[in-house]
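To keep things simple, chains are lettered A, B, C, D and E as they appear, and every chain counts its residues starting from 1.
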Amino acid sequence: MHQVEVATTQETLLDNPEMVLNMGPQHPSTHGVLRVVLRLDGETVIDLDCDIGFLHRGMEKIAENRLYPMIAPYWDRLDYIAAVSNGLVWVETVEQMLGLEIPPRAHYIRTILTELNRISSHLLWLATHALDIGAFTVLLHALREREEILKIFEQQFGARLTCHAWRIGGMPNDAYEGFTEDVQRFVDIFPKRIDQYETLLSENRIWLGRTVGIGVISAADAVAIGLSGPSLRGSGVAWDIRKSRPYAAYADLDFDIPVGENGDTYDRYLVRLEEMRQSRRIVQQALKQMPDGPVNAKIPKVIKPPAGDYYHSIEGPKGEIGCYLVSDGTSRPYRVRVRPPCLINLQALRQMCVGHLVADVVAIIGTLDIVLGEIDR
Amino acid sequence: MTSTFALFAPPNFLDDLLLRFFGEQTVNYVVWPFIQIGAVITLVAVWALYASYLERKISAFMQARLGPMRVGKWGLLQPIADAVKLLTKEDLVPEKADPYIFRYAPYISVAATFITFSVVPFAPDWGVITDVNIGLLFVLSISSVGVLALILAGWSSNSKYALLGGLRSSAQMVSYEVSMGLSLVGALMFARTLSLSGITTAQASDSVWFIAYQPLAFAIFLISGIAENNRAPFDLPEAESELVAGFHTEYSGMRWSLFFMAEYAAMVVVAGVATTVFLGGWYFPGVYRLAGGSNNLYVFLSLVVFIVKMAVLLYLYFWLRWTFPRYRYDQLMDLGWKWMIPASLLNIVWTAVTIFVLQALDGRLDTVESLNRGVNLTGQGKGVAVFMGFAGLFIAALFLAYLNRHSRDFNLKKQRREIKLVDVPKGAPAVARAAADNA
Amino acid sequence: MVLSGWESVFFWVFALSALVAGLLTVMARNAVHSALFLISTLVSVAALFVLLGAEFIAGVQILVYVGGVMVLFLFVIMLVNVSAEERGSEELFNRTGQVTAAVCFVALLVFGLFYAVNQSAGSFASNRSEGAGAARLRTAETGVSKISEDTQRVGASLYRYGALPFEIASLLLLVAIVGSVLLARTSKQELVADDVDPRVIPELSAAGELTPAEIEAAARAKAFEV
Amino acid sequence: MNSPFTPALALLQGGALDNLQQSLQHPDLSKFLIIGALLFSIGVAGVLTRRNIIVIFMSIELILNAANLNFIAFSRYLQEQGSVNAVAGQVFTVFIIVVAAAEAAIGLGLVIALYRNRETIFVDKIDLLKW
Amino acid sequence: MSLVKVPRPTLGERLKRFFMADMFKGMWLTLKYNVGALTDKDSVKGFGIYTEQYPSVRPQVAPRFHGAPRLNMDPETHESLCIACNLCALACPEDCIDVIAMDIEMSVGGKPRKKKVLDEFIFDTSRCMFCALCQEACPTACLELTQEFELATYSRAGFVWNREMLEQGRESRKFEA
């Protein structure tokens, strides 16, 4: 990314029509400790540069010194909004390296809970995105539904946010008593609630004015940058790993991929809303088809994947989250590398923002749905 | 003064008491105004205090929350706790700030809003502090001074966010002031006076609120008023998600609370003026008869009527704020210059046409009673005026739609686009399909 | 027109504050302070207008001057940020020649004024018929003050005798709006507004007023419009 | 014929204090004129002496205001004298305010354009006819 | 040139826009919530209040919740269940557990035997991720993450729990409303 000169002397609007504005790292709408250096002409963004790394914890390096089961909790802390999905990448990678056969019930429960996690992640995105654009009420309405999901997580995993959801070879526990009813209740109530968000936003003329035509990125550009997830689908590329390389129980389930047309903020907003509906549909189906049986495969006492490397990725709420794992045959990985969707999506920020106003930068950061825990790792 | 209404005797009793100590002149010109001013300032300050409570409660209810609950029953003492906190907080002045201007800007803001209350007629008789023959102009001119506070606060903070906020807010207030002032002209043409009390009496003598004659002007005034107060959805200067807090980013403690107080007091000013000019002020049919000849009771009931009308408008403020997203700065300016100002100009022309039509019809339909103090209309005349008023709404809408037919934001206000649902076959790679979609 | 009682107290208060603030306007180092003092002067003068019974003009004075013109001044001061330049050791005033001229002029004016006032001493303090005009005023809502009809008379005058100048004034304002918009625009903004002849663009960029990046940015900004 | 100072001298000689008190307690038209003239001369001094073009503009506003004060004062005076069209002074003031507003808009536009090109707002540095 | 494709509105949509249906719909919803908060006591229609009043009303924590650690004791003998096997310390990704064992001499069936027993157990809750791997590793169900969740202290040292705290439970302040 190219550097913006940060001027140190006091300058005025006319001395230098190009003003440098530091947005963040402590700013209400950079979604964490992201620093965006904006070069402005009036209020129009001429150029911007992202300064990241304020939350760097060296997770990939730490993973080299831990046993395989110990690494899973660190994955939760990447994209802490979608801890369940992140955990799934890791356990599935190790399981596939080990060549384990996971019982179908575990697959179904994993599917249900990752889809719920996708909904909760999208709800938090909707909440903060709406807040950035000034619609405060949507924030708390969305958090209310997210709370329902987090309650299910708490019952199932014992934690609400960083759940440490999965274990290699299956799950720590079977679904708790009343799991089906709780999920069913949520599935029943959720469509009404989405309609309410849409009432407040989708057709509102201010919302339209703030999102339509903002942060446009064409399909070709999006693919070139390497966008994934709803940010890519908003541009009209029907790419979804749940379809193209099905994992867990997705191959048995029926769902559609919502795809935008213009690649602007409004399209991405609609895509994510529709994805929540599709996720609900998946949960509903999976709940019906969920078989009985054990939830854990037989696993060796010490996990030692055969030497070699392996890449596995799933469709996280933010995009393709992947794990590249190199094993030297010992009980600790030789190298772990995360394919972070948010970091790669953030690359599109400059292209999306230049030519827009400061207020749009906020909307665009919101629409990219970034989580700094994952960007900085 | 019957004994039944002894409760409402105090004003007269006070009057007698005061006359013992002061001469009549002094009582009329000095003591009473001071009592009234004190009462209004106290009430408005209490309102500003409790507006924060109301705002938090109403927003909480709209968001399925409870709001403040911990200090006192239902959190009723929360604003007092907040006030104590704010007053005892350290008063920070940034090192590179212009110290004098930074310190005094909040006072300008508060003074500019509080002075305005001196001409708002809360009720007839002793409910008015002073009746100035340029009342409306006075309100507009004093509230325009409030801009200075914001621009000075933003500039003196020596912070980029504050400067941007200050520039934004002053540009916003200057441009919305125009439409706000122009929208009142229509009502003035019916009332034929600038005095706010005069406008109220004109409505009372006609028994019609001017909102019926001037629905368009009322809408313009309300929108411009909300924008003028920097309230959501027009709260650009303090848009917390973009500019952190706009012009008062660097303020803390008491000076910040002064800005806060000025904002809520300014809401009351706009609501009060809207009530006076468009909603009939303290006039409500039947109140006079209800008072049964007791002047003080009548004034008191009128005061209640006025406050109720104002409360409805103030609720609207909260309601809008917690429902809508925020405009972008250029959209806000677009709305101000391309929608509000043409609409208010059109309103003036249309009102002139209305009055002309009323006078022209007078020979046949008997519409106008007199043109002396306010346009006194007969029943038929009122009908015509109301019809013209509502016709004006549609004419304005068509006119504006034509005027802005090329505007980006106008054309965006279309209903939602459908999202394509792509059903990729199970297990099949989507890449080929995506390529096909793109082609 | 002789003021008395509280009116004369207020007259002196506002007259002196107008003069002092006026002096400070001219003498303040920081242009923002200067503007603030000018605002004080304008408000004081508006108060004097009220004392003279011209409430409408006072209102207009505050509305237009304080709320409009001075905000514009502050805007421009902030845009060009003079305070930073003047805080240094730069001389506040011009060369001695101008200062002398100013002092001469002021002395001349004061001299002439004394002469004129003394010539007609006493004649201004006309024996006004107390209440001749006041009787016609109607009582205000509070019942203690009278409301003058001056505003109506000004309006009537403005539209009867002053109708043509009024229209001319509106034209003047229109010209001022257009002119200031034109003056304040940069070539870049003109480019964005699509106001530049395409043939001029190469010239501008050759003169260094526009960089290719700006031309491109303008083209992109145009593309975002629907 | 009186010398210009005769009345002033006379004021100082006999009953000066009484007269002064009288005129302070009951300011008449002449006081308004004096205030106006003083404001005017302050403005003129500002225009002539200051180097900052914005302050010069502000001084011009001061001058215009001094003129306004005179207009209003005379309008009031004539009104009491029973003149038919006494409010003409107020009407004229409205026009002056309009002109002042227009002048401020144009002038400040010029200042900004000037600042863009010359990066100074000091009049003694702006000394070329063309640049 | 436009980058955004927007469909042409139908007459119905135009009318809706003209009468600002989009705005009024949103306002109607928030009004419903506002009225619901005052009338809909238990949120039957879904427009009621959702807040938990935490300090005054204790939240129901799930049985599986991972909260403050505890060393369980045998309910009858009141002896620690911990056998000082150190498996929890090995399983911990953050190395926040220190098990300090000591050997005591005892006679089993007349023969002198050395037995490893727990001397001190240090658990650093400030580093703990509450992943429950230690709980899963414990062979005697001694170390358990309980439902206690109020772990705040005034000092960093307060986060380091020793054996006594782990067995008795920290004296935590209960906040009353």
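Just so we're on the same page, contacts are C-beta pairs under 8 Å (C-beta built on N, C-alpha and C of every residue); 3 or more make two chains touch, one makes a residue touch a chain.
Because the structure is predicted, anything quoted here is derived from the model rather than measured.
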For this structure, I'd like the pair of chains sharing the most C-beta contacts.
C-D
Compute per-chain Cα centres, compare each with the mean of all protein Cα atoms, and return the closest chain.
B
What chain lies farthest away from chain E once each centre is taken as the mean of the Cα atoms?
D
Determine, using the mean of C-alpha atoms as each chain's centre, which chain is farthest from chain A.
D
Intercentroid distance (Cα basis), chain B paired with chain A, Å:
43
Computed distance of Cα centres, chain D from chain C, in Å
12
Centroid spacing, where centroids are CA-atom means, of chain A and chain E in whole angstrom:
23
From the C-alpha centre of chain A to that of chain C, how far is it in Å?
57
If a residue has to touch 2 or more other chains to count, which residues of chain A qualify?
13-15, 137, 144, 200, 203-205, 212-213, 216, 261
Specify, in ascending order, the residues of chain E that touch 2 or more different other chains.
3-4, 6, 17, 22-23, 26, 29-30, 33, 50
Can you tell me which residues of chain C touch two or more of the remaining chains?
56, 60, 68, 75, 78-80, 150, 186, 224-226
Tell me, which parts of chain B touch chain A in their complex?
59, 62-65, 160-161, 163-164, 232-233, 235-236, 239-244, 321-331, 408-409, 412-417, 419-424, 426-431, 433-434, 437-438
Could you list, by residue number, the parts of chain B that touch chain C in their complex?
28-29, 32, 98, 100-101, 121, 124-126, 128-134, 137-138, 140-142, 144-145, 147-148, 151-152, 155-156, 163, 167, 170, 174, 177, 181, 194-195, 197-198, 201, 408, 411-412
For chain B, which residues count as touching chain E in their complex?
58, 60-66, 69-70, 319-320, 322-324, 397, 411-415, 417
In their shared complex, chain B is touched by residues of chain E numbered 6-9, 13, 16-18, 22-23, 26-27, 29-31, 33-34, 36-38, 43, 47-51, 53, 177
Chain B contact footprint on chain A (complex, rising order)
13, 19, 21, 27-29, 43, 130-137, 139-141, 144, 198, 200-210, 212-213, 219-220, 236-240, 243-246, 251, 254, 256-261, 266-267, 270-271, 274, 357-360, 362
